[in-house]
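The following pair of complexes shares a single chain, chain A, combined with chain B in the former and chain C in the latter.
Moving on to the complex of A and B:
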């Protein structure tokens, strides 16, 4: 129950493509997620430490993230500012850096932990050797309301923000007090018609849950 | 229609605020507008005078620079002046009145900023590798307590509609009001004189403004529409930046956002807002 506290899936691995920046959100906190050309994923507070512009509208050049406002550059990994174009001859002070969060990739998702010293070992062990990634569904309703609805559909809590049932593991991403994303993994590698049927079933079930939760929240 | 004043910031209340470019108001048709979270109506009469009302109560009005201004409080001062506006050969026009999802202080700070030219106004007001910002001078004047930044130099590929080549442009900036700023930039016709551009923010709320932009330029050839279009293009490049600043209110705590030497104007403006106790649109120091 305790071991997944703080780690949340925020995007599917294949969404975090090279030279792109993904805007994610957990518990009201916006996160800029980007992959460098060596494959390393970064998850940073979504604001430039200089003038607060969202880094998710910045430019991923493969090594550094460049802010759109003044072109300040931040290194993959450390988040250290490497270059201030207004003062090209000066090395930026060490204190000028983005705020990196814990980040890792597992089960086909990018996971983020807002804690400062996040331990990757605490990413929930789902006991899935083979899995099929299901459609992630956005719901304009609080996580508790969504979870409540899912429990009425044959899912049972299997840890904080995790549910199991119907041969499926659901991972809840609470964006903020009124928005939730439900990620899903089915055990086993389904193929062909079986896979299509699985995806369709999940989609129908989650659409029903979403519509009900959004009607209630509206 | 609510008649209550929904703002408790004494400094913002006791200040003059812009509401509209007079010639853009319909004649004889009251129009709803909003200032400091307070619903008002504004009406241009046949004789070009302007009435501003809070419910049934008439508010004080000033007509200046082609705009109507009002106050919800009791200012102990008149509106600042822009002497150049009265020069007979100037083209004075409202470039645009644009709604923005940002605070007024964030918009003022963007207006004062030199460092974004190469990145936000690429190929117009700046271009890489001409990104260096040389030291400039920022002071607070003794007479009116305005912020004045001088000797601000920027290399500009297309400094104005009529500029024909890239060159260094010298700017002077004034901040005479918490939500208004004026810039003077070297003119491409007469090297002895300067074009004047001002931004007057109408804070509808702490995080929503209408930006009114005054142009007072020396240009005898370009049609009004072309002069406006150029300025609107420049402004349309700033809008997505301003609407993606987090938090929307300007943090006056100098440790909340890190500054470089090029940010001298911005840092002075933040301290000036804190010294004047401007709370509306800011986060406390």
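Moving on to the complex of A and C:
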């Protein structure tokens, strides 16, 4: 696999909450994203190396992710299997580990790169210092159809999978050929009632775009 | 003691089990052979519930059917804190009733899809799934905006209510009907919060969360 398959935001940093596992998907690949109690975020292939069950239904205990099926545990950071309940006295072999992806936090989002040894220096520079992250909108339509609709709503392409317009930067997360998530950041730090109103306005606009893109894709 | 006419893998029967577990109410389970025996349609059970549906409770002779109605009764009768079904606040009562109705709509779609996939019910599966997705969208949006205002639960009381109990089971079991929750991150966070309510119990297909919340 090439080293860089592109950095994509998968969730607002606030939404990768402690003791939780986010189920994400990029370019057809499911990713389990979780934060340990020290704050470090992990992004792993969403598949237990033992029997293939989704790790996103597992338990984040703050230090390790425990598979829901047979209880195998994987350490934050390394993904190394630390414990196999069926063999409590044995140290699991070093080769038993989850498949880690590149992960970093920037611009209020958790970004994931499916490439091996992905370089965080390649996360797109957005040129935003102060911003307000908006509600990410799921659309059951291909990324190209969503982008096309957004261009008709005052947004213009500003790099790969990035659009700008209406004082807002949009980041496109292609889940697979038919599903897309649109993340957004508004310029400036809005607070209180002003922030809530901004969140509602953006949600309404993107809901219209979503419905139109889905009608077109249907 | 309360008798619960029950079926282990029914999400609707799980609702009163879940609430009674949380409230510490003791109950006796009368297991029906729902599938494949269809005992809920048998002559003896139709005398208890002419609709031929479970759950039904019998609390010392007071017989009540309908999962949502049972939650209302149990909370009103057995929750001395009054937090699970707050009374005296018309708006809150209206809001709770609204989400109890929403829970019924989830049953008609997500639960129907699960019956199709798991118990071979003959129904329009595409319609059931798309109906569930339409509801989950509304739920996810509601929960996301609630979080922005610091609210963890369906009705903004600062405490879970019977509305959360009513909506939780068939959301949590949706994948058994081919309905992914991947598009609904706010729903996924809310289901983790429900699992951390003290006294929370599981059913087949619903796993526990880590006990400790940070």
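Going forward, the second predicted complex is superposed on the first by the 205 of 218 C-alpha atoms of A that agree within 3 Å, B and C clash if a C-alpha of one lies under 4 Å from a C-alpha of the other, contacts with A are read in each partner's own complex, and residues count from 1 in each chain.
The definition used in the following text is that a residue touches a chain if its C-beta (ideal position, glycine included) is under 8 Å from a C-beta of that chain, and two chains touch if they have at least 3 such contacts.
No experiment lies behind these values; they were computed from the predicted model shown.
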Subject >> Partner chain in contact with A:196 - chain B first, chain C second, else both or neither >> reply: second
Original post:
Who does A:125 touch here: chain B (first), chain C (second), both, or neither?
Top reply: neither
Original post:
After lining up the shared chain so the two structures overlap, which partner does A:144 touch, if you call chain B first and chain C second: first, second, both or neither?
Top reply: neither
Original post:
Of the partners chain B and chain C, which touch A:38 in the superposed model: first, second, both, neither?
Top reply: neither
**OP:** Tell me which partner A:68 touches in the superposition: chain B (first), chain C (second), both or neither.
**Re:** both
**OP:** Considering only touches as defined above, state whether A:135 meets chain B (first), chain C (second), both or neither.
**Re:** second
**OP:** Name the chain, either chain B or chain C, that contacts more residues of chain A.
**Re:** C
**OP:** Give one of first, second, both or neither to describe whether A:57 is in contact with chain B, with chain C, with both, or with none.
**Re:** both
**OP:** Check whether A:47 is in contact with chain B, with chain C, with both or with neither, and answer first, second, both or neither.
**Re:** first
**OP:** With the two complexes superposed on chain A, say which partner A:25 touches: chain B (first), chain C (second), both, or neither.
**Re:** second
Original post:
Which residues form the common part of the chain A surface touched by chain B and by chain C?
Top reply: 30, 57, 68
Original post:
Across the complex, what residues on chain A touch chain B?
Top reply: 30, 46-47, 49-54, 57, 68-71, 84-89, 93, 95-96
Subject >> List of chain B residues in touch with chain A within their complex >> reply: 109, 113-116, 118-120, 128-129, 131-133, 240-241, 244-247, 251, 257-262, 266
Subject >> Complex contact set, residues of chain A against chain C >> reply: 11, 15, 17-20, 22-25, 30, 37, 57, 59-62, 68, 135-136, 138, 140, 175, 179, 195-196, 199-200, 203
Subject >> chain C - residues contacting chain A, complex >> reply: 141, 144-145, 148-149, 181-186, 188-189, 192, 207-210, 212-214
